[in-house]
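Both complexes below contain chain A, partnered by chain B and then by chain C.
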Partner chain A sequence: MLTAIPTRRTFLQAGAALLASTALPTLARAQAASAGGRLIVAADSEPKNLNPAIVASNGVFFVASKVIEPLAEASFEGKDGLSPRLATAWEGSEDGLSVTFKLRAGVTWHDGKPFTSADVAFSALSVWKPLQNLGRIVFANLETVETPDAATAVFRFSKPTPLQLIRNALPVVSSVIPKHLYEGTDIAANPANVQLVGTGPFRFAEYKPGEYYRLTRNDAYWGKPQPNLDEIVFRVLPDRAGAGAALEAEEIQLAAFSAVPLTDLDRISRVPGIKVITKGYEALTYQLVVEINHRRKELADLKVRQAIAHAIDRKFVVDTIFLGYAAASTGPVPKNAPEFYDADVPTYDFDVAKANALLDEAGYAKDADGKRFSLKLRPAPYFNETRQFGDYLRQALAAVGIDAEIVNADSAAHQKAVYTDHDFDLAVAPPVFRGDPAISTTILVQSGIPAGVGFSNQGGYANAELDAVIAKAAETIDTARRTELYRQFQKLVAADLPLINVAEWGFITVARDSVLNVASNPRWAVSNWADTALQG
Partner chain B sequence: MRTMRRLLATPEGAVGLALLACLALVALFAPVLSPGDPLRIAGRALTTPFSDPAFPLGTDRLGRDVLAGLIHGARTSLAVGLAAAAAALAMGLCVGLAAGFAGGLLDEALMRMVDAFQIVPGFLLALAFVSVVGPSVPVVVLAIALGAWADPARLTRAQVLSVRERDYVAAARVAGMHPVEIAVREILPNVLPPVLALSAIIVAAAILTEAALSFLGLGDPNVVTWGSMIAEGRNVLRSSPWLSIFPGIALVLTVVGVYLLGEGLTRALSGRRAAA
Partner chain C sequence: MAGRPEGGATDALPTAHKSAAGGMNRALRLIARRALASIPVLLIVVVLTFLLLETAAGDAVDAYLLSIGGGDASVAQSLRAAYGLDQSMPARLWLYLSSLARLDLGWSVAFDRPVRDLIVERLPNTLLLMGSATALSFGLGSALGILAGARPGSFRDRALSTVSLVLYAIPSFWLGLVLSIVFAVQLRWLPTSGIETIASGRTGLARAVDIAVHLALPVGTLALIYMALFLRVMRAGMAEVWGMDFVLFARSKGLSRMRIVLRHVARNALLPLVTMLGLQAAAMLGGSVVIESIFAIPGFGRLAQEAVSGRDTALLTGIIVTSAVLVIAVNLLVDIVYALLDPRVGATERGA
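Up next, the complex of A and B:
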């Protein structure tokens, strides 16, 4: 276990730290002074559009989730894994054609206007369904939202839509924005997309590009006496190597999303006053996946794909690349989605001899140099770990006689090459599992997706049986039957290998000991932080 | 041969030549010294240096042999450095010769082009070029040459301007030699020495630029380079500094070697001119 050894900070150390933190001296002093206090957090990106109702991504949620709230948030102990936020109760109809939300009373927007069901209806119909990256899929069949009174919203669908899907998607897709600021404007260009106005525990105070985002306490929060903090400052620290040093110097008090590199965790966990927390990302599981271009005749052969799966040492990947902060994958649904996860799928042990035998069987014998064929490998540049796995995969493939040439590119060029131009044979991708396979997982293997749709099946894979299961699950209302269909889905993917799931990982939070209630829910880093507090 | 003897007589030249000769030998015999792919995962990750005889300089984050990386990295660094410098010199010589010898409008046009390239920082140019075309060894060579050819072009032109009015050039002209023949046979050999002295600086700069490009992840990912080794080591700088230190030392030695050789060469050549 990696836990910091708690030692009492001596007066001298604290004094030295204060002197050392020249960058934000006043901020550091404020922490010691008040019980509410100011939390300073490392941020590594500055999204152009900060509106979580339009851009449902972790980079946006990290800042925006404190200001704009969803209907419900993920929870460790709540019913169905949810705790109520702007909705207090939800119920689906028997036929799956409607879902009724009871909304929280007495909630006001940060500009003083009351929050009503009209805001929910507007957000759903004008933003989530037409504009949001994930809402497009979840609310594809949403027809109208009826508002019989100010505290009730009834979602009506043209086709049966499983309540299980809506429920699982709520924390991610249901950020409610104020109708009175957006109605009749160009929603995508509205100034409120940066100067956020929401109902959350914190108000958006200011944004200095390249420097920080500052949020201040919302005194009129419906969850009074929360929030506990007076202020949250997201300091932009684009250099990942800098976050650890900033924590040690007490310039920041918290770095989420593995801003401190994995290789630095062992050392920093031993620094007095700093704790390393691996919880709080259970609903934000990233998956390490090898995407396969089935247009290549070699890769269209199942035996070759099985050989590649056998050539990858998942233990090495977990232990050496992720330093143990990951788990080996068995299929397209991660283990920490127990509602859906099925361990009973075909698995591929690390076995070089078997991989070689399979490749021989497939008819690709080694030539004089010990090579069978060459492939173009594109590792996604988003994480250190995806790049390192690319280096590892090249070596693992060389061991079975496949010559892989790595092609590096920046994010934009990589996405264009893989998802639009199909200029790859193998690619390393880190898709996210978002609580339900229908949100962003089935799209990775489903056929018939037009070129240009990012993070989807662009490898030309088509399997009628798998497509049928995915289509059936999308309209199955009964939770048990729907879950069963997704178990079948996992078996089919693991058996036919449209892509190869290698590992799954969550992120790491590193915080000063003075930050309390960290990781209190499975989406903690992107939740509202109303209960987060600082020790005086 | 006389130049060589003079070069060895200068301490800079001797030391520089020795350093580079060692390096060239290592690069040349890399497949013998460390057989196999240097990027192969050879052992336990992050073995400390001098602890395991199989990996005298330790292993990196994935368990790749650091010594093998250094040996094969010497190949890439020297090859890219020399190729880029050769390309830059060739381009510079051609442009300088043409501009200086032809004069007039062509001279003006070519020199304004040189100005344009000199204004843009060479590294920025290389960075932009590689990120547009995509990283591979030939592209990196071209990208570095693109930022380095302007200086030799300018120097060549200046030399040509002073040489072309000499009597022997006039004699060649009177003898009815073709202008191209005059340029290549009479002028080029006489402008070459100072430009060659400049070449050492270009090689050193090219090696550093290549390392910097690799450090930023814009090198060819399929070959090992010192720059990419330093970049990889940077992520674990606090816990395993040797991963950056060893390739850093190799880079320093190479650049110092090239620079000393250049100094020696300049002194040897100016000595010759003084003696002549």
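Up next, the complex of A and C:
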């Protein structure tokens, strides 16, 4: 029923605009932008647990971030790259043992109860620290959360914890859920994990499995007059060609997370009324990485790893596999993280002759067939691009006399083979850089990680010097010194090549021109969309 | 006038209305026999499915942790304990079989919901999609088959046979996408995907029409592909009947060609078509992963695919058991129809 009103209004506006001639298009647009309306978006997965406080993953955030808010969101222009959400200010103590959050006043949950510091304390101690996939790392040393008043939460840590890490992690790990609905229940099985209740600009209205999620406007949102939209519908479209077709037929207005395949972008960008947007994923950078099993004696030799790094033509990978929608990598921290990124690291130009020379030096001469040794290569099946890079890598290795046999498997089988069984020599992986190297990046090269942990160092690599830098950075409070340690970390990784960073990419959004304020922050697709609007 | 040619047809097509009671008895015997025989079949299906998924690398926890971007070792361990995956394979198989014996299909770990609810939710969509597609392809296929078989070897026969074979050879995903681009994207006559308009609040007839419009493309795609089967069987059956004596007799009586084609030739070629219909209906009950994905229809095929990629043994086994029960039921139905049509079919049951 809500949608009928804006439709009629829009119709009247269209009529008025026709009468007034086309001389005032900007005025008409500005009015239309506040007209509400229903935004229909393509979704390709249906997470079984939609609670972002428990499952901090992009698939969950895509829907849930509109309903449940974090303490702060990533921002292009805000201080420290953050803009306040449920917290308005945060301050760390000198000793790194506490962080004080000032919370927003006048916020209510969707069920009408007031939001207070008790909700934050409950979320942190009962959910983020013990249950959340990333919170377990970031809040590992969190001991208590004091709530001197309803608008203050003081996080106390047992060991010095860098404020820089907490800050960088806030958008991802700090989704606050209502204490009054979760306390005393089995949190993992609470019905509110699907029927979400939050403080965000949209309420969770309806979920029809296999068809759609529907969110409706929260009229009592603290950020009034936002949100601009009346409704957001996430329509489940499992087929990627289907998302493009639905956009062209104007059945949906937006497809995020590269739901429209790269190969279709060129064509669809020329369809009138459709725009291709590459911004809005800066804080969700994915990295294309060659994982190496250092248990293989050939690969334990630095010269061989250097040779492989020289054998890869990064420009070809970016231009041909990613069709230009990516950047070549220099090391384990992407360029999109300027706070940490260090360009001054050892680099490996594409140089087949040098790669061959290094392999000869290492003592692996070519046999009569021109082969030096054989490897098992497992490309991760999660993205088209990881599979295609697997095919490319096989050819690139053949050019330097390494015979790579590609082993394809589906997601679960790949996960088990690489991260539990170590049944690989080389693997292609797409790890994510999550704003701070300590969240999900150092784990890729650190030693001593038990088997079975996905997206971690399962290649048996151990480097005491690197481990020491990682450990030191984890407890360094001073931001400048901590940043310097991560620059050192990048140099060490690029020099010793525990893995090879090839490229880094963000996703692509394809939207109808009528969708306004797309990509307004670096985590746009997984942010609250309060400012997103429909024109006309 | 009407009685004579009818009699000719009845002689050639041995219906059993003289002994309808005997036919019913045979049908009952059939049902009892089949119900008993289906138990070991189901058991084999369940155990094989379980073992097959067991041999696939990775389990439900691997699949789930992957979907959330990884987790540490203790998460994996506690999840395995919660899902019962830390128990031995025979123990889990026994647990599943004993719950199945109590008609409990178990709990889906990939969806965190009871398997029965998921199946009850998805089955109607697949039945609707596949039922309509089977009916349409049967109707179209047999009608065109009659056209082709009316003059075997004619230009019309060759043209129809060729076109249908070409359609049959087209991969379903390609045909689905092309039809979708033409009718949904370019012409915008039909929606690109979905089973009905999202959150439209339609009820009754309006909703039925909405669903029909949404199903037009997927049903059309499947029907075009499977039409060839029925067309070929019908045509082949008719070509065979043309050479028989009673047709010659009907001709010599001076009956019109139209009447001979419909009343005598086509009618006698129908029996193999019923067999085909039974087989095809059974094959279609599993749903179509490809068509359901392209057209975003939440059906059985897609559910099965999600069960496999999520390594969800209980869900996959539940889907397969449900399909198997439906297939057995359809086959039984076909046999009953046969028994009623043809006294020879039930006769062998008596001795067994």
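Criterion: the second predicted complex is superposed on the first by the 502 of 536 C-alpha atoms of A that agree within 3 Å, B and C clash if a C-alpha of one lies under 4 Å from a C-alpha of the other, contacts with A are read in each partner's own complex, and residues count from 1 in each chain.
One rule holds for everything that comes next: a residue touches a chain if its C-beta (ideal position, glycine included) is under 8 Å from a C-beta of that chain, and two chains touch if they have at least 3 such contacts.
As the structure is a prediction and not an experimental result, all values here were calculated from the model.
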Touched partner set for A:G210, first chain B, second chain C, both or neither: second
Contacts of A:D264 with chain B and chain C, given as first, second, both or neither: first
First, second, both or neither for A:G242, with chain B first and chain C second: second
Chain A: partner with more touched residues, chain B or chain C: C
Contacts of A:K416 with chain B and chain C, given as first, second, both or neither: second
Which of chain B and chain C A:G36 touches, first, second, both or neither: neither
Chain B versus chain C as contact partner of A:S456, first or second or both or neither: second
Partner chain in contact with A:G223 - chain B first, chain C second, else both or neither: neither
Partner chain(s) touched by A:Q395 [first = chain B, second = chain C, both, neither]: first
Doubly contacted residues of chain A, that is, touched by chain B and again by chain C: 241, 409-410, 413
Chain B to chain A touching residues, read off their complex: 37, 39-41, 45, 61-63, 131, 134-135, 217-218, 221-222, 234-239
Of chain A, residues touching chain B in the complex: 241, 244, 261, 263-264, 266-267, 316, 320-321, 381, 384, 388, 390-392, 394-395, 398, 405-410, 413
In the complex, chain A residues that touch chain C: 40, 45, 47-49, 55-60, 133, 136-137, 206, 209-212, 214, 233, 235-239, 241-242, 245-246, 248-249, 251, 382, 409-417, 420-421, 432, 440, 450-456
Complex interface listing, chain C residues touching chain A: 56-60, 62-73, 75-76, 110-112, 118, 121-122, 177, 180-181, 184-185, 188, 191-195, 198-199, 293-298, 302-303, 308-311
